[in-house]
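Take a look at this one; I'll ask things after.
Labels for the chains are A, B, C, D, E and F, by order of writing; each one numbers its residues from 1.
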Amino acid sequence: MLRLLIEPLVWAALLEDLGRAGDITTDATVPEDATVEAVVAARQPGVLAGLDAALLAFELLDPGLKFERLAGDGERIERGQRVALIAGRARPVLAAERTALNLLCRLSGVATATRSLADAIAGYKAKIVCTRKTTPGLRALEKEAVRLGGGANHRFGVDDAMLIKDNHVALAGGVGPALERARAHAGHLVKIELEVDTLDQLAEALAHKVDAVLLDNMDPETLRRAVAMVDGRAVTEASGRITRETAPAIAAAGVDLISSGWITHSAPILDLGLDIA
Amino acid sequence: MLRLLIEPLVWAALLEDLGRAGDITTDATVPEDATVEAVVAARQPGVLAGLDAALLAFELLDPGLKFERLAGDGERIERGQRVALIAGRARPVLAAERTALNLLCRLSGVATATRSLADAIAGYKAKIVCTRKTTPGLRALEKEAVRLGGGANHRFGVDDAMLIKDNHVALAGGVGPALERARAHAGHLVKIELEVDTLDQLAEALAHKVDAVLLDNMDPETLRRAVAMVDGRAVTEASGRITRETAPAIAAAGVDLISSGWITHSAPILDLGLDIA
Amino acid sequence: MLRLLIEPLVWAALLEDLGRAGDITTDATVPEDATVEAVVAARQPGVLAGLDAALLAFELLDPGLKFERLAGDGERIERGQRVALIAGRARPVLAAERTALNLLCRLSGVATATRSLADAIAGYKAKIVCTRKTTPGLRALEKEAVRLGGGANHRFGVDDAMLIKDNHVALAGGVGPALERARAHAGHLVKIELEVDTLDQLAEALAHKVDAVLLDNMDPETLRRAVAMVDGRAVTEASGRITRETAPAIAAAGVDLISSGWITHSAPILDLGLDIA
Amino acid sequence: MLRLLIEPLVWAALLEDLGRAGDITTDATVPEDATVEAVVAARQPGVLAGLDAALLAFELLDPGLKFERLAGDGERIERGQRVALIAGRARPVLAAERTALNLLCRLSGVATATRSLADAIAGYKAKIVCTRKTTPGLRALEKEAVRLGGGANHRFGVDDAMLIKDNHVALAGGVGPALERARAHAGHLVKIELEVDTLDQLAEALAHKVDAVLLDNMDPETLRRAVAMVDGRAVTEASGRITRETAPAIAAAGVDLISSGWITHSAPILDLGLDIA
Amino acid sequence: MLRLLIEPLVWAALLEDLGRAGDITTDATVPEDATVEAVVAARQPGVLAGLDAALLAFELLDPGLKFERLAGDGERIERGQRVALIAGRARPVLAAERTALNLLCRLSGVATATRSLADAIAGYKAKIVCTRKTTPGLRALEKEAVRLGGGANHRFGVDDAMLIKDNHVALAGGVGPALERARAHAGHLVKIELEVDTLDQLAEALAHKVDAVLLDNMDPETLRRAVAMVDGRAVTEASGRITRETAPAIAAAGVDLISSGWITHSAPILDLGLDIA
Amino acid sequence: MLRLLIEPLVWAALLEDLGRAGDITTDATVPEDATVEAVVAARQPGVLAGLDAALLAFELLDPGLKFERLAGDGERIERGQRVALIAGRARPVLAAERTALNLLCRLSGVATATRSLADAIAGYKAKIVCTRKTTPGLRALEKEAVRLGGGANHRFGVDDAMLIKDNHVALAGGVGPALERARAHAGHLVKIELEVDTLDQLAEALAHKVDAVLLDNMDPETLRRAVAMVDGRAVTEASGRITRETAPAIAAAGVDLISSGWITHSAPILDLGLDIA
């Protein structure tokens, strides 16, 4: 991702940790001219993401630091694998460490969680997609981590595509009116997806044309029938508490996409650490 | 927490979701004068946190909305329990929903995770404390959620207390020099904690006086001996991949504090949703 | 548009005019307790847009001012028509006047220009659409003004849809590879449009499937043939120095959309003024 | 202009276009290691302005790009003339193109419009001056473009000089009281200008001393009499819907300044484009 | 001053003091529902300034607080005099106290220092003026405090008037070239002042016309001769380590203005405090 | 201090002075290609502080300037001593001069004032400490200046330690309840200090344990008794209108710390200037 897009976020993260006085422990205990060689290494296997953001945290504190990347974002890494080297003044390395790791571990956690779901449905045409259930402030980075983990992206916000949910349908007066109003309002480069809970709703949606349908909380058999009904006229997305265990049956039902909030809102971090040689 | 401290964050979270054009689905499908009564309810049991931030998301989009709180932050809530009512114009309610829930579910997840660890060691004097392994941008809110879940707070940043870690010790030339340098630099209201990996290091730390010791990755028996060595001369904190299963034995070793990064970096969200009557 | 989305812009516009010292002429010459009744009125006929932003400029300087709207955004207004009344303390009214009018006149100018093009092709199915040739900082407001003037919106930025231009095609190695790469990268809610300069390129695009085609600088006859070739398989957009004079023939060629940069980058303002009773 | 003063504006303009996800078309279709040589060239004759801001847009996305300037701000350029070369990675060049051109074309449009008015009154002592009818957010850049087009600057905001308008006069209780209040309030480096609509008002203004008079909407003959009345005791400025056609007669009346809102609020852009070799 | 101009500053000052966690002492020791009646009172005599900013600090933390003003900015106040009452929730009052007083005491200090110099030259036509030697971030408020203390304002920044200093003269090639270049560049509402160290320089300046002359570090007798040379053709300003003791003789020399950096850069605060009934 | 922490402040200070148009005097009178060698020198003896911030002001305007430091922050400097050389383009040097000196003179003033108090109590164990009575926006820099002047730092804000004052005690219901509530709320790295006005309060505080006591406005004899009562069980801090004259007797009473608001809220600047060779 463009540095311009992540620099404000990394800057703010550093300031959140440094507060008014900066790293008083490091300033007190580490000589100003001390230098280090530091290694960023994985403590557990997973998929790497966020290395740009993490290294930027160090660089923003000291543009004189030297970096060497030993692994790339999106790469599967092993426990103990070294992903980057940092060399230079000790103080900024220690002062930025926690901020850098907080970004790196969280984003790698998202990539790793996505990879685990994607691997679970390997062989099927379905792809894992994310949701808007992301961490406030980190959406673009988490969406990128999803792609790095083998997933695809859903909307980035409420402004770049239409997803008509049950409440919209209710307030618009039904699936038909909702789709008509949406189409009349949407620019020609805006796609429209509709959430349906039943096959009846699906039939109504297809009658009014729609780019994609979100098949919410349907069991595999219902999904299979839904896919058959759609018959290629819309992209099909299944959602609803997807896990590694449930994903294969859903993929087998023939849907195009399986969306998961878990990969962004509840993925555990991937543990990476900083070791000083 | 003071509204002044959370308003910029909630504002930014809304803008991240609204983008340039705002909620185009809602604008298209929901009549401008439609009103709703909405209920925020728990989909699973846990501890509530972040309700202020969540309701602020709605209020920032429409100061005319009416709110009723049915539960308070820090309260244990049941599956299905209603925690707040929102009444007013439909469009801002729908436009703010995801941002509000992203904050509420994440913070309640932190509180719930903390509560689960705290409950696991109920009866012991030890308290669960957090770390700086928090979500970039959300530190103050997550630290508050930890308190709401029955935990206590560690440092808020690198500027408000000293925590001398292994790298500091190495670069300072040993535990003694590190502690001397720290004390010479610290203001009179700054406490000093030292991370020790062995009982030898602990002995050296105690010889130089220290406010607290972080006993990293020690087994319960070693912890017990450490606590005995300290004998009330410093606060004792145990750390290292704490789980509900391992926590009781650690607490039984007599430490004052058990710190957990997991409660902020990897706690799953608590699922809450918005239902429109 | 949501107040949250325009308030930062209006705030910044006020500060740009007020500088460090504020309105020193008004502070010097107008008694602090003087009150006024002011009328915002059109000096020429056109289409109103930006009234929310304009009134917000006054309100941000003095929340105690009273407003009455006499016309709505998107409404055709006559020369001399009063569009809003403002009553209250004189100083903030005078201090905000220029900022408010700068926003109102510019946005009404965009709406009026759009309306003039839209009227020129009334009766045809084609709609006028805008481009990204907008004023830096005002994109969302100008896009709204386009809608208020009877136009439709193109992309809001480079992130919400794909528009593959000649340079992309060249760097991707041709229309086919460009479209394949685009489709492989795009999320399921991202539409893809391709710019074509010739019918040969159009044929190639249609062979690879595309959501929309931008037919650049084609004469009406070529456009007619293009529309026939497309035959409903993609949205057709004509572009290239559209004027009121050239638009009807282009619309008659059967395209779905006619895009104009002029309506945002070069539309003259609509003259509105503030009169104090 | 100092880079410090324009960098925040260019940064914001880029973010407005890049949104959360950046240039997804370019990321999808252009290989990461592709390089280009690009030429910024004029599509029509005019006066160049804003080249610094435009090139900064590219540089902010990629500091590694190389720039060569072939023309300078304020220079008259011909149709087809190349004004700058850009060489380096293709992706940032394409991602910044629209933002850069939006700034360059608008500012060159302002300079060109100013030049056209200034040329129309060449030979007279009068100078073209701008107003505060500028684009919100772009005032300083547009004021610079006015200078580059051969014009001079009026106030930059309401805080750096006093311009007493009809409403101030009315609320102060007359021309005399307004000028007395203004003088009592103004610092010694603040000039005072007064707007007059009639020669009677002008006489009153001169009786109270004033640095400049704004002669609003007077015909050439009245202006001539006004200039004679002033007789060098104040700077004379004529205003009111100035065009290339009306300007010479106004200049011939002997005024010092002719102010035009049109050069900033309604000047069409100067068309410049980016060509990739 | 307009609230819009001071709110960002007060907001930032509060955040600087509140940090990430807010007022932890108050949160711990003061019951959430406790209320107070607080009095802002002077601990020493002086001139009040900054009351708006100070009360805004409280209001930003709790819009529900009630305020009563007992004295106005610019008013001379006695030791012990009460200047404002605040009633409402105790926590926000205590949390904002220090920030509010820091602003109030500093600005009242500036006003009081200005008043002391102004009083020292009462009876002479000379006025005390400030300089740009202000506190970074507080310029507009300090300039207002100078006015409240009976002084007048010099430039607010380097952009609103020209002050040609010795270095400019040297780099321009002399007083004459400097003034010619300045006049050619300045807009018609920009005044030009020139710093002169000798009467020869003054003669040269007057020969080229100038709006004001800054007579730097001249003794009273030289100032008297300078004033005579100027003979009303320019505003005369004396500067150079002005004190209450030296000011009268300088004023007696007949200058129009006496500028003092001390009133903003080194004025001691005026001590005001908050008492809780 | 980390550049990241001071750059936003210096940037804002520059913009406050440069306004919209920048340094119009310099732009008019100084040729664009003129270069200078400038010297920052002391006009009076004192202690240097803020050199980083001051040089950053120049560097932000022109990264091409060359700097040579001839003295270090915290160093005692003599009248006339040169502390830094700056070489490069003349315009940015002149444009940044005032902003740079405003920072440098103020911070050196704080360091010098602190040094004067510290020198007054040399030989005693007591150290001078600052308060939160700092300049809004400059707290971290002023706290650093205090250290550079030989003082130590008190709290940086209300969030990093607890200082229980008289109002807290009153609202908590007494010294005992206040301390109990504070301890229950404080994290293990948060120290607690209590303000006491009488020896009775001190006794009560010691009975409830406290990390430090603020002995407010006590005469030396009372302080001596207080120190004896404390007997090493808490850090002792004396406060209340400390001057060079009163400080030695207070230090002689045996307190650990003597706090002074004057060193930050009322210290006169240290005069340093910029000379161009």
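By definition in this document, a contact is a pair of C-beta atoms (placed from the backbone, for glycine too) under 8 Å apart; a residue touches a chain by one contact, two chains touch by 3 or more.
Note that the coordinates shown come from a computational prediction; the quantities given were computed from them, not determined experimentally.
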*Spell out the chains that contact chain B while also contacting chain E.*
A, C, D, F
_Report the chain whose CA-based centre is farthest from the CA-based centre of chain B._
D
*Where among A-C, B-E or D-E does the B-C interface show up again, with more than half of the contact pairs the same?*
B-E
*Taking each chain's centre as the mean of its CA atoms, which one is farthest from the centre of chain A?*
E
*Using the touch rule from the top, work out which pair, E-F or C-E, shares more C-beta pairs.*
E-F
*Return the distance between the CA-based centres of chain C and chain D, expressed in whole Å.*
22
_Separation of chain C from chain F, taking each centre as the mean of its C-alpha atoms, in whole Å_ = 52
*Would you mind pulling out the distance in Å between where the CA atoms of chain D average out and where those of chain F do?*
44
*In chain C, what residues contact two or more other chains?*
16, 18-22, 95, 139, 153, 156-157, 159-160, 163, 190
*May I ask you to sort the chain touch graph into line, ring, star, complete or other?*
complete
_Help me check something: in the complex, which residues belonging to chain E touch chain A?_
16, 19-20
*asked:* So in the complex, the part of chain A that touches chain B is made up of which residues?
replied: 9, 12-13, 16-31, 34, 36, 90, 94-95, 98-99, 101-103, 105-106, 109, 132-139, 156-160, 162-165, 167-172, 177-178, 181-182, 184-186, 190, 262, 265-269, 276
*asked:* Under the stated contact criterion, what part of chain D meets chain F in this complex?
replied: 1-2, 4-5, 139-140, 143, 153, 156-157, 160
*Which bits of chain E are touching chain D when the two form their complex?*
129, 152-156, 159-161, 163, 187-191, 193, 211-212, 235, 237, 256-257
_Contact set on chain E toward chain B in their complex_ = 11, 14-15, 18-22, 60-61, 92, 95
